[in-house]
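Once you've had a glance at the structure underneath, I'll fire off some questions.
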Amino acid sequence: MDSGHWVLSFACDDRQGIVHSVTGAIAQAQGNITELQQFTSDESGRFFMRVQVQSGFDRSVFEHAVAPVVSELAADWALDYVGRRRRTLILASRAGHCLNDLLYRQRIGDLPITVAKIMANHPDLGDLASFYGVPFESHVVLPETKADFEQQVLNAVAEHDIELVVLARYMQILSPRLCEALAGRAINIHHSFLPGFKGANPYRQAHARGVKLIGATAHFVTGDLDEGPIIEQNVQRVDHADTVADMTAMGHELESRTLATAVRLYAEHRVLLDGARTVVFS
Amino acid sequence: MDSGHWVLSFACDDRQGIVHSVTGAIAQAQGNITELQQFTSDESGRFFMRVQVQSGFDRSVFEHAVAPVVSELAADWALDYVGRRRRTLILASRAGHCLNDLLYRQRIGDLPITVAKIMANHPDLGDLASFYGVPFESHVVLPETKADFEQQVLNAVAEHDIELVVLARYMQILSPRLCEALAGRAINIHHSFLPGFKGANPYRQAHARGVKLIGATAHFVTGDLDEGPIIEQNVQRVDHADTVADMTAMGHELESRTLATAVRLYAEHRVLLDGARTVVFS
Amino acid sequence: MDSGHWVLSFACDDRQGIVHSVTGAIAQAQGNITELQQFTSDESGRFFMRVQVQSGFDRSVFEHAVAPVVSELAADWALDYVGRRRRTLILASRAGHCLNDLLYRQRIGDLPITVAKIMANHPDLGDLASFYGVPFESHVVLPETKADFEQQVLNAVAEHDIELVVLARYMQILSPRLCEALAGRAINIHHSFLPGFKGANPYRQAHARGVKLIGATAHFVTGDLDEGPIIEQNVQRVDHADTVADMTAMGHELESRTLATAVRLYAEHRVLLDGARTVVFS
Amino acid sequence: MDSGHWVLSFACDDRQGIVHSVTGAIAQAQGNITELQQFTSDESGRFFMRVQVQSGFDRSVFEHAVAPVVSELAADWALDYVGRRRRTLILASRAGHCLNDLLYRQRIGDLPITVAKIMANHPDLGDLASFYGVPFESHVVLPETKADFEQQVLNAVAEHDIELVVLARYMQILSPRLCEALAGRAINIHHSFLPGFKGANPYRQAHARGVKLIGATAHFVTGDLDEGPIIEQNVQRVDHADTVADMTAMGHELESRTLATAVRLYAEHRVLLDGARTVVFS
């Protein structure tokens, strides 16, 4: 499990000399920097950094070198090895395009995730899950059973030590309690260019407004619907002749691509939170 | 003024056989179709068509052939020759990027407009106007002088037989009366991807929301601010490190390009209104 | 099999009155035009048209009305009903991203094709084919067995009355004889922005040249390698840090999307040949 | 002339600890890093870095701190203050779109260059230069006068201490001698997506080949025509109906935008050479 290729990402209050301190710790561990990005937010006064390091040492030695530095900075930090597949839970409903894309990419090694389980509120996607060999559970989610279902989600998160929950066109609103419990590690795909067309039926709204581009937005899930920090967005040109059905079909690709990009960025520790915004070291 | 190359555009209630009737009239005038587009809106039941015709006959002959057909359809129609420069009035404030772009394109023949006059609420762009040889008027527009200024706009529209009014980053809200008077022939550029970030300071709003793409929208001016029918939109990628100032600078090009495209489409009779939406035969 | 929604596409030498004649035949059959596009090529003097018509009559009545007109024009023409799934044969090798995308889209009804068979020169993609319930054959293709394999391709084309052959990252060059036999109905995806980087290893070539965008090109197969008429192209931004492996991974999506678009356009009778160029009524 | 905001960029052979050394020197000068990018090229074994630093000290103090470090690395390096306008010479012919764009951007402060002089082989753009208050010289460039003209270019470069020469649609091939003299500081805009359509009339070539996207490429000038290291590329969609003239008109914007981006990147010390490729810290 030890690749010798490490990624360290962290956020802390800005001050002088942080890069120097951190690279000093890396030099001490005889590490070779293969990628380094940093950013200071003028608004929040926070400093963000992500650095990849090749090193002959194992994790304990490397961690021993960098931990005192980032601890001293009172940083939120993560140390991982490059390319580790992160344990992922997917929530889905009926539409399979995002799920199919994520599972295909996982299988060919294009996305560093391991999908531990798929939980859905419809049985339709069971075949697809089965083809890719991923455990699938379908639950009826009604107002009266929603709390139960969400508890089972939390149980699955705990049981599989889930690092990332992906809402792959899951068509239910999560309760505030679940949003809170998954804060910063649940990603949703919304089928519009947010903040335009929040809520239900965004393609219908887009058609009615006569926009010339439709979009998709991958964002962190928060209790504030469709208002979570944005990770990735893409758009596609449409014209007056495109119906709501056409837009829905064209949106499949847009949504799949946007979600997959966001999942990759997150899985590679490239997404850091700066209040309501994200810092994305792509 | 007679190019022998005609453009006919119209909208009417849909029924069978319209294309056949119109092309029959064209055949009768021995016209050769060089471009033809049509669209039926399922929502409104309206039919839209734009056709370009090369013909040895002059306008009166050609009009004589097609007028009965489109009249019989109770169509809103326009007959023009291809490439005619349409008489245009530009409203501006201080920012010159859109104005510069329009005037440069006009000069090199890239945009079929003749800018008859520029009216501004600041004197800053007078030099630019003068270089391009376009009459320029600057007026102080205060709450108490706004009605006067708008009357002068209407006077200019009448005097120069203006077909198109372009708000090239004109930073004042038009009165309902002026919006009404210019309905369907005034185009504004808004510096966001509508319907996101309506109103003032859209780049500041975009930055605060943390979007990953900024946009620009060219739309018809209506009394409902930033809600007019959309003609053209474009976007550009930004990231967490782009400040409001960066976005503003990046937006110049986006706005200029989007506005110029909308102006070209309108000038070439390619934009037809279908309620709150546009049909754009690009 | 009769949808009452017809598509007629044809190409012929240009002359006056074609649109009028064709729409006259449509009017005679009491058809309602739902889409109409036409184009005259100044270079070749050829006229191209595609029209969709809703009609209460069945195919024989409709054909009876339009056939005399297009025959009189000495046109190459096709009459089909809108949305008919066209019989398709896919050739593949090891890389599955294009195949997976085509099969998924076929299954959810996003692409009007029926894949009758998949023939590959490697067994790797058999599982995927099997999941989607498509017959799969794998053959060893060596210099000495290539002629045999190609004969089997031709046999399959005949047996299944194949309308479209898709080379979904099939990594073998077709013989001139096979190219000829499939002229105008075989589509290949090349993983570069043609005409740049023809031949083998285009991402390696792109990396060496230091381009800032990589591309994909879907084109008709001809005997002249990578020189067939282009149907669709797309690009994606890369930077100096992207390795050949990165570009290859990023290219998967680009290739899948570009090929799927080309297949859709072809299947919907939207692609017509104008010498070495295509007319695409998208 | 001293902004207190410095940019240091350099390239050297890769080894461990470079970032640490450089940031150590910055820390010693009490500098605050506002931007930092680095890249190691696996192919060439070269290391590239660009860092922006805010510091209360003046240039001599800052240079005194970093110079020993970069000298010890045997680096090619540049130290400048952020936003300094770089002395630029523009070569032009008849087409004014790129020149107009560069001069407009210079004037509004959107591009950190000072155009010291424009030299052209046609008088047409003199008015434009004069409006922007930039000295303009027009010379007849014939085979027998080309060497003279190029000598005057070199004289102007020496006289004005030119840092950047921009070929803004200059339609003459530079001699090998001039290419050599300007190596690494002359940028050309080519109106195609290189390596496609090198040489003359790229839009004509693009039309003949039937590509679905046209492009523009900004690259360093080298003796090998259209083969210099690429700095920036962009594309735009076209279709079968776009003539060579249409593409030429559409290309204006593409070329202006691509060239302006390349000039900005260069002026801001964001473009470093890695053999035949560029490292662009955008």
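Here the chain labels run A, B, C and D in written order, and each chain numbers its own residues starting at 1.
Criterion: a contact is a pair of C-beta atoms (placed from the backbone, for glycine too) under 8 Å apart; a residue touches a chain by one contact, two chains touch by 3 or more.
Chain by chain, the UniProt names read as follows: A, B, C, D = Formyltetrahydrofolate deformylase.
These figures come from a predicted structure and were not determined experimentally.
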| item | value |
| --- | --- |
| Which of A-B and B-D has more C-beta pairs touching across its chains | A-B |
| Chain whose mean Cα position lies farthest from subunit D | C |
| Angle of rotation relating subunit A to subunit C [CA atoms, steps of 5 degrees] | 180 |
| Centre-to-centre distance between subunit D and subunit B (centres being mean Cα positions), rounded to whole Å | 35 |
| Separation of mean Cα positions, subunit B and subunit A [Å, integer] | 41 |
| Touching two or more other chains - residues of subunit B | 241 |
| Subunit B-facing residues of subunit C, complex | 16-17, 19-20, 23-24, 26-27, 30-34, 36-38, 40 |
| Subunit A contact footprint on subunit C (complex, rising order) | 35, 96-97, 100, 104, 108, 110, 131, 241, 249, 252-253, 257 |
| Subunit D residues within the subunit C interface of the complex | 39, 41-42, 193-197, 208-213, 215, 229-235, 239-241, 243, 274, 276-280, 282 |
